[in-house]
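Same chain, two partners: subunit A is paired with subunit B first, then with subunit C.
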Partner chain A sequence: METAIALRRAGTHGQLACLLLPPLLTLLILFVAPISLMAVYGFWAIDENYLIQPSLQLTQYEKIAGDPLYLGTLASSAGMALLTTIGSLALALPLAYYIVRFVSPRWRVLLVLALIVPGWVSVLIRTYSWNLVIGEAGLMNWLLMSAGVIDEPIKLLFTKTSVIIGLIYIYLPYMLVPIYASIERLDNSVLEAAENLGADPFRRFIYVTLPLIAPGIVAGCVITFIPAVGEYVVPNMLGGLKGMMYGNLITTAFSNFDWPFGAALSMVLLASILACLLIVGRFLDVNRSMLGHE
Partner chain B sequence: MTRWVLGTFTLLVYAMVYLPIALVVITSFNQDTITTLPIEHLDTRWYAELFQDTKTLQSLWTSLQVGIVSTTVATMLGLLSALAIVRHDFRGKSLFMLLTVMPMLAPGIIMGVSLLLFARYIGFQTGFVAVLLGHVLLSLPYCTFILISSLARFDRSLEEAARGLGAGELSVLWRVTLPGIMPGIIGAALFAFTISIGEFVVSFFLTSAGTTTLPIRIYSIVKVGITPEINAVSTLILVATLLLSATALSLTWSKRN
Partner chain C sequence: MNRRQMLAATAAAVTICLTASAGWAADKKIGGEINVLSWGNYIDFALPAFEEKYGTKVNIDYYADEKEAMNKIRASGLGTYDVVFLGVGYEEVARKQQLIDALDVSKLENFKDMYAPFQKPKADGTHVHVTYSWGANGLIAYDPAKTGGPIKSWKDVYSGKFKGRIGKIDKANEQAYRTVFQSGFEYGELSDEQWQAIAKTLETDMPHVRTVYQHYDEMAQLLAAGEIWIADTDDGGFRQAKAKGLNIELAYPEEGFIAWYDGPCLVSQAPHPEAAYAFIDHMISPEVQAQLGKELGYAPANQKAVALMDPALKASLGVDQAEANLSRVQFQRSLGAAYEAKATEVWQKAKAQVQ
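And then the complex of A and B:
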């Protein structure tokens, strides 16, 4: 009997090892090892012949701390990501609320999908498509000039504003999904109880709905803000010099073959993202709100 | 009152989401060389030019190859992870799940750059295989989580029944479990393929001169100057993505509803 149990246990252990090893090794080799190596690279230096000097030193980090360009760009990227987060929240919240409250369950899923599915089209194409809307010869200027509102085309492209518009467009689905899910889970009887007790729609929203959907809102904000800070494609295609973000600095360092410096810049970004996650995680159980009920 | 205000707002957001995409499609039929409005003549000239452009066609072929192989690998790895997570309790399970989600959260640029450093450090050539491995890493989290949810919804009593009738573990997996979650597997694969076909940043750091994927080709054309040919390529990718994701969705959602 005991041997049977032991055999069975050895069997499930062997089974588990077979299941776990391939994906675990993949993640270790393709994710953990490269990022660990990059952490080490950040403490190395290159000499005047662009040869790597593998000796531990803080030169790269001193360089980052010494020039306001680097941390300044990080701060402005964070600011742009914050505006993106607020913008997509402002779009997603009323929209999700409308769909849950006023659309029949049959159509709800289709309406939400209609917003998510375009999000699977290549980021490159969706970003580029805004050229056709806000570019100098784009739809917006054409409409405004034909209507006689303006005489000269508005130069919106290649500014911070155009980058933020692009970012909101790209990240809207990220914000929408957790918010929609949390509003849909909302228990209607709670709202009815509030109504019976005399709360008007505004008070019901502020005091009942908002606290109940807060985890969804936080999850949406986190998964919008984090990738937006490190975004590279959108600022590169819509930003020009004025709308540069931190990702552009990293790429520049790498295209100048200054790998230790690029690595240090990347580590600063990664550390800032982790810090944000820890701060948010202190206030809310992110795992829970992101991965559903469990 | 609230209903109409919110409804109008919702309509505007939909317009914002579809307007740029619609413009890409419309301008792809513009006969003129410069993409300006208003459009005077419509024809399929740019599609004809596209099919003459060997560089773009070559990059499409590369993208398809990378997509098919990375999708197969990522789906299989995702299935293994999902089986381990749903069917077993083990020490470090939540750590393993965290590790699985992380590539989804880390900025693409960090993954691209660190993979480049790592490849060069161990003396691995960038190019086709490197791009492919990058795509496996990016789609693995999505495959894993789609398959976790299909496995969690799968009725395990069917497996018990098969075991009761004398089927071995592998036979249960092959004949009962896998057919049972097939819609989820196909859905995960289509999702991975969609990611691979559209992916840009990671590929950007891992390509070599010989392996240009379609998004990288598009990027290089856009950087030189926008031609309506780009709108034609984009329209084709758009249609393909929408079809793929619609299929993926109908397969993964059919059981739930």
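And then the complex of A and C:
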């Protein structure tokens, strides 16, 4: 009997291993290997002929630490990504709440799709379209001047504001989807219980809805903030001189053949993002314990 | 048949044979395909004639700059690409990195017709590229209607009258030599003090700059939209923008400018060497070189192309002064990784200070 159970267990483990092997291998080849290689490159250097010299050294990291350009740009990129995250959250939260609570199920999916579908178009094209809208001779200035609201065109293109607008436009669906999913999963009976106990809509939202959808909000913030920090297409096209972000420094290093320096810059970005995630994770645990969740 | 008739018949037969063999040679088909790395919209106009002549399909992979092209060769491995277009010293870097082979120019029928400076080998006696196009860089394009008069120098550009209306090309190397001339230095390796002076000049210039752009198509759009009135350009970039109907003029800055060249190189371990040589020869043929001026506004590197150009095109490209210009101008060259790293650092800092 025991032998039969052991055999069955071994069989189950074997099947599990067979199932897990392909995704594990994929992860190893497509994620772990390139990142590890990048980490190694960060300790190398290039010679006068742009050839990589695989000798262990800290030159690249010393260069990053010793020049305020790099860490300063990283900090300003984090600031811009934070503004993007806050802006996206401010738009996505009421939008998702409205769609779930006030739109009939029949129209709900269509509305969400309408918000996501533009995301299927290339980032390059979508960003360029903003160029045509907010440019000096663009649609926005034409409308405002035609309506007599302004006499001189507004110089919005090639400013930090235009980069933030572009980033919010690109990353809004990333924020919307997890928040929408968490609001849709809300248990109505909990909200009804809060109402029965005398909570007005505002208190119900703050003390019941918000804590329950917090994981969706955090997920949305994380998947918006992380790619936004390393962004380089939007700042390039909409920011001009004013929008340089950390991603542009990484691109320049790689395009200059300086792979070791590009790798070191990338590893600093990765480490900074991991540190942010650890802080957020810690904050979440505190929140959970305060709210009495597991 | 008498002797005279016999001779005539023999001569006729020989003529027919020679004509037939010449025709066969001209129509010699290589077939297959060839993989080429090039700038976008740079060689495309010349491809149908090559494909028809040799029956060889050209697969183009576009790049944004030479470094990307070389990264692509390295990343995809030798044996993938046949020909890569490199210029302004990058062919020397690519050779040192063993990404391209020396060219046997005796296999290129049109090479003998190139202007003399373009037939000169490198210091080691080898040829690693042939010149497809050449021109001047470090120039200024401006909209005279907006500037209210001609621009002649960098001093005019940064006089303060055009603050917030200037566009710069986002290439560290180009910014380095533009500022070298603006600061009154010679093109070449620079001392620490000179780099500091260049950084200082850029620091003073940058608050006047509205934006930077990656390529000259973008420059044309910015000028057309009125976002900028004055822009960094090269002669080809200017002519292409002008051909789009822009009301712009070209200035060769009084402080100095530089010449550039660009052309095809044979990638190491090219999988289709015969087609690669035929392709390179085609790109420097008089017909393609003449068409290059018409399509993209670049002066020809092959002297025989001049005869195929109409007078207006010749005048706009200044081909009559080509030989004199070639003997006078200084060409860009590779100044090494340390120079490039310093140029990048100075340029990045100049951009960052206006954040």
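By our rule, the second predicted complex is superposed on the first by the 248 of 294 C-alpha atoms of A that agree within 3 Å, B and C clash if a C-alpha of one lies under 4 Å from a C-alpha of the other, contacts with A are read in each partner's own complex, and residues count from 1 in each chain.
Operating definition for what follows: a residue touches a chain if its C-beta (ideal position, glycine included) is under 8 Å from a C-beta of that chain, and two chains touch if they have at least 3 such contacts.
Here the structure is a predicted model, which is why all the values come from computation and not from measurement.
For the composite obtained by superposing both complexes on subunit A, the positions of subunit B and subunit C are in clash.
When both complexes are overlaid on chain A, the residue A:M244 reaches subunit C alone and has no touch with subunit B.
Once the two complexes are laid over each other on the shared chain, residue contacts for A:P23 go to subunit B alone; subunit C is not touched. Of the two partner chains placed by superposition, only subunit C is touched by A:G72; subunit B is not.
Of the two partners subunit B and subunit C, it is B that touches the larger number of subunit A residues. In the superposition on chain A, A:F254 contacts both subunit B and subunit C. Look at A:A137: by the touch rule set out above, it reaches both subunit B and subunit C.
In the superposed model, A:G87 makes contact with neither subunit B nor subunit C. Looking at the shared chain after the overlay, A:Y98 reaches subunit B, while subunit C stays out of its contact range.
By the document's definition of touching, of the two partners only subunit B reaches A:T12; subunit C does not. Look at A:G42: by the touch rule set out above, it reaches neither subunit B nor subunit C. Subunit C runs into subunit B after superposition on chain A, and of the options 61-69, 97-105 or 205-213 the stretch responsible is 205-213. Where the contact sets of subunit A with subunit B and with subunit C meet, they give residues 137-138, 254. Within the complex, the subunit A residues that touch subunit C are 46-51, 67, 69, 72-73, 76, 135-138, 155, 157-158, 160, 236, 240-242, 244, 249, 252, 254-258. Here subunit A touches subunit B in the complex through residues 11-12, 15-16, 18-20, 22-24, 26-27, 30-35, 37-38, 41, 91, 94-95, 97-99, 101-102, 109, 113-115, 117-118, 120-126, 128-133, 137-139, 142, 169, 172, 201, 223, 226-227, 229-233, 237, 247, 250-251, 254, 259, 262-263, 266, 269-270, 273, going by the rule given at the top.
On the side of subunit B, the complex with subunit A involves touching residues 2-3, 6-7, 9-10, 13-14, 16-21, 23-24, 27, 34-38, 76-78, 80-81, 83-84, 87-88, 90, 96, 99-100, 102-103, 105-111, 113-118, 121, 133-134, 136-137, 140, 144, 169, 194-195, 197-201, 205, 215, 218-219, 222, 226, 230, 234, 237-238, 241-242, 245-246, 249, 253, 257.
Contact residues on subunit C toward subunit A in their complex (touch as defined above): 64-65, 67-68, 70-71, 93, 96-97, 164, 172, 206, 209-212, 214, 225-227, 336-338, 340-341, 344-345, 348-349, 351-352, 354-355.
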